[in-house]
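Have a look at this one.
Just so it is clear, A, B and C label the chains in written order, and each chain counts residues from 1 on its own.
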Amino acid sequence: MTETNTMPKKKALSLQVDLSKFEKATDEEKRQQDVMSKSTTFFRDGMRKLMKNPLAVASIIVLVLIIGTITVAPAVVPYGYQDIIKVDGKRDKTAKNLEPFKYSKKEMKYMEKTGEKLFPHIMGTDSMCRDYFIRVVYGTRISLTVGLFASILVLIIGVLYGSISGYAGGIVDLIMMRIVDIIYSLPDMLIIILLSVVLNERLSATQNPVIKSLGTNMVSIFIVFGLLYWVGMARLVRGEILKIKSNEYILAARAIGAPSGKIIRSHIIPNCLSVIIITTALQIPSAIFTESFLSFVGMGVKAPMPSLGSLANAAREGLQSYPMQLVFPAVTIILIVLAFNLLGDGLRDAFDPKLRR
Amino acid sequence: MSGKEKKAPLLEVRNLHTSFKTDKGEVRAVNGVSFVLEEGKTLGIVGESGSGKSVTAYSIMQILEQNGRIVDGEILFQGEDITHYSAKQMNVFRGQKCAMIFQDPMTSLNPVYTVGNQIVEAIRIHSDKSAAEANEAAIEMLKLVGINDAERRIKQYPHELSGGMRQRVMIAMALASEPWILIADEPTTALDVTIQAQILELMQDLQKKLNMAIIIVTHDLGVIAQMADEIVVMYGGRICERGTADDIFYRPCHEYTKGLLRSIPRADNMKEKLVPIGGNPINLLNLPHGCAFCSRCDEAMKICLEEVPEELRISDTHLASCWMNVKNGTYTEVPGDE
Amino acid sequence: MSNETNGKSGYLVEVEDLKQHFPIRTGFTKTTLLKAVDGVSFKIRPGETLGLVGESGCGKTTVGRTLLRLYEPTDGRIFFEGNEVTKSNMREYRKEMQMVFQDPYSSLDPRMTVEDIIGEPLDVHKLYSTKSERRDKILGLMSLVGLNAEHATRYVHEFSGGQRQRIGIARALAVDPKFIVCDEPVSALDVSIQAQVVNMFEDLQKQLGVAYLFIAHDLLIVHHISDKIAVMYLGRMVEMADADELMDNPMHPYTQSLLSAVPIPDPETARKQKRIILEGDVPSPLNMPSGCAFRTRCRYATERCSAECPPFTDRGNGHMVACWEK
């Protein structure tokens, strides 16, 4: 190889080094150079990655704040979500459509008179003289609960269906997946609206206390989720299981003679867990969105129970004069949905084995 | 630099450093690699995974991933440093001066276009040929790379071709602009031996016909022995030794090269036990202070653990970076590398 | 049918006319049979290594997997120590026959620790009575394959390819088998690590007397480790002989070109080497040529080759060849 480099030559003297350095190194010394990196588990490694993702961390903080607020607020705020504000035990009809942190005339008189400070209306009041903050808090509660339970429902049905289909394979898989295809091809919004109309009539006749307290619309939302929305999860789980099944470690377990039950329990389920969790995290905002949409068009929770969607709907009437009444629930929806989506993405980046390395 | 006075070599890499930022820290994939490629010659870069051999090739083409960049060093093409080229200049360099083929021909061909479409596009980007002329040229190219009934093949999609055929198409595309240098990154690793022999022979034929220089990156010492005039042996992002093929195979001067040659089955050691290199592959996140190979080296000395060995000249054609040469005095001079 | 089906044949594993056909959907209602393995027979003695070479798609991996009944064979019989292995008694043979896989990344469950991976066969076959016995056995296996005890609680993603392959070998050895199918166990490893693993296979054979079916495409490594070598092409065996005999005196035109195509790591020989470069590609196994499958790429092919499939016959000293012309 020709050396075209003509930089000054280093003096040969520089190589006259200490002879003791040319003794053979011991195995111990060599081993010190070859250290294995610290042991981590899959979970710890994933958490470390998640905590390095600023968007995911911000989402966690937002969600913790929101959940903290909706748990604590009803105990702190002295107003009820369906009660007209009372001053001195009397209904205050002047406290209509107040601006945030403003008091009504009666309240101001009362405070002047007694010197006692009343709890502020953080988000003002609505057209029916109710404290808006506590209504948004309850609306968030409802929306989050619906989102959470609907997702769990989807999770259970989807995972069961998908894993049976994926593991059984063959004709069973074929039939089960065609059913999924049919459900997929149904227009979901139409079905939801039709179902909630029909169910509303049926369910309003029942005397079941649980259904009564939830409101028939809520129940129909859950039924719709349970009937329609699991298909995505089922397809995903099936695909994941097919992929895991093709891995050589499943073949290795079979070569060892491990029975099917053990293969499912110790190989397949642990390996598709992360995908299931990620999908569930992404399912929650979509459920919240659907619930809000339904409530907005008036098919959601029953008044006076607020949900973020129905609050937004109610605010529509006074939009010109009191835009803040739309802004508060809308911003809350955005925050929750965005946070869950970003958290889901962060979870995927951190835990999805496909994206590792 | 006075190197420009005589004719500059076709490609010279000087003290190249390439790093990747990962979430586990900075990975220094290439640490001070230098070599020279002369016109019409074949340079083989050999090393195991993580040795930095592919990153070196990618650095020359400047097609590193988003998180990677050339930190230091020069890449001189006919005496001109290309590391400071603009994106536009680089495109010209990549198309017309230097072309690359990859290990997996399936992923480097676009599945939605016919083979002909892709070659014609490659030709038209770099020349002002009309569509019909380019089509003619594409058929010519396919014939050149030994594809029978090129007129039919040109209308086929990549998935309709076999692995060997796809690699031929890749070579045809790479040669469409008549480059000076062809960089082949593990070109036959995904292929079967009989197909590998076809492709290697094709590359040697084309080199003679087109007088092009080849850089072949591989882990297979057999492929290197067959193809390369000069060889660079890499380990842990550094060059262990470089020289002619005979230097490396018959007079290895670095313990890693010696170990590598001992550990492969050859005609003369079939009945003996192989002598493996002990230890585990290097962790690029945690490079030793001294020689990258020290923890696996049977001859390792105290100095090997502490200081990176300098590159020493063994003969006119042969350079090696191993403290054993200093100990045994088997070197002629210290070249001017800092 | 072999006349050596009694227990005293001296062979550990005997395979007779093994066939594995997979139905492949080629049209809306049409299915074509993919003849991955089409009539393969061989015998392996205890403590012996049979190397099985061939190009991708020749069915060598399928032979290994069908042998362990990971696939249900279409036809043919498998004997272990003279007794026929059937679907119903396979479970007990799982303790005698094991497998080491090619891909050290996908063949180990990423959610399990090394201890659990090696312990799985012990759990399945209940090969221990106490927890501490299980642990002792696992540590014993780990030191047998050159892993430290401190590696036991780590997860596989922390290991290099060579170390993972050691874990895979320890798992196969856990049930103390007499026969191991090694499916390309070194081809995914770095050159400097391959020798470590090859040496370990050889040492274990000496120590434990296991027999191997060593499947690989690297002829030099197969030559190094095997007593006998069999060459496959498109689902059939074309040549089988003692390792040295096959390397020095290959008879089948395919073996000849395969040997000449191997790049020799020696520049001098490489320069002198005369290559027989095969024309064209391997035909699709869905659309096999009539007669001898190799005839489309063979220099010596005649009409007879397309008319009839050549028989696999002994040409002296157990050198089996399937070719009309040689």
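As a convention for this text, a contact is a pair of C-beta atoms (placed from the backbone, for glycine too) under 8 Å apart; a residue touches a chain by one contact, two chains touch by 3 or more.
Because the structure is predicted, anything quoted here is derived from the model rather than measured.
Chemist: Work out the mean Cα position per chain and let me know which chain is farthest from chain C.
Modeler: Centroid comparison gives A as the farthest chain from chain C.
Chemist: Which chains, taken as a pair, are joined by the highest number of C-beta contacts?
Modeler: Maximum number of inter-chain contact pairs occurs for B-C.
Chemist: Can you give the whole-Å distance between the Cα centres of chain B and chain C?
Modeler: Computed value for the inter-centroid distance: 33 Å.
Chemist: Averaging over Cα atoms per chain, report the distance between chain A and chain C in Å.
Modeler: 49
Chemist: By the touch rule stated above, which residues of chain C touch at least two different other chains?
Modeler: none
Chemist: Out of chain A, which residues touch more than one other chain, so two or more?
Modeler: Residues 36-37.
Chemist: If you look at chain B, which of its residues touch at least two other chains?
Modeler: Chain B, residues with two or more chain partners: 280, 296.
Chemist: Would you pull the chain C residues touching chain A in the complex into a rising list?
Modeler: Of all residues in chain C, those touching chain A are 65, 68, 70, 90-91, 94-95, 98-99, 101-103, 106-112, 120-121, 124-125, 153-155, 157-158, 168, 171, 175.
Chemist: Show which residues of chain A lie in contact with chain B when the two form their complex.
Modeler: Listed in rising order, the residues of chain A that touch chain B are 1-10, 12, 14-15, 17, 20-25, 29-37, 49, 52.
Chemist: For a test of understanding, state which residues of chain B touch chain A in their complex under the given definition.
Modeler: Chain B reaches chain A through residues 1-3, 6, 8-9, 12, 14, 23, 34-36, 38, 230, 242-244, 279-280, 283, 285-286, 288-290, 294-297, 299-306, 310, 313, 317-319, 323, 326-327, 333-338.
Chemist: Residues of chain B touching chain C in their complex?
Modeler: Going through chain B, the ones touching chain C are 48-49, 162, 164-165, 192-198, 200-201, 219-226, 245-246, 249-250, 259-267, 270, 273-278, 280-281, 296.
Chemist: In the complex, go through chain A and note every residue touching chain C.
Modeler: 36-37, 39-42, 247-249, 251-259, 262, 266-267, 270-271, 353, 356
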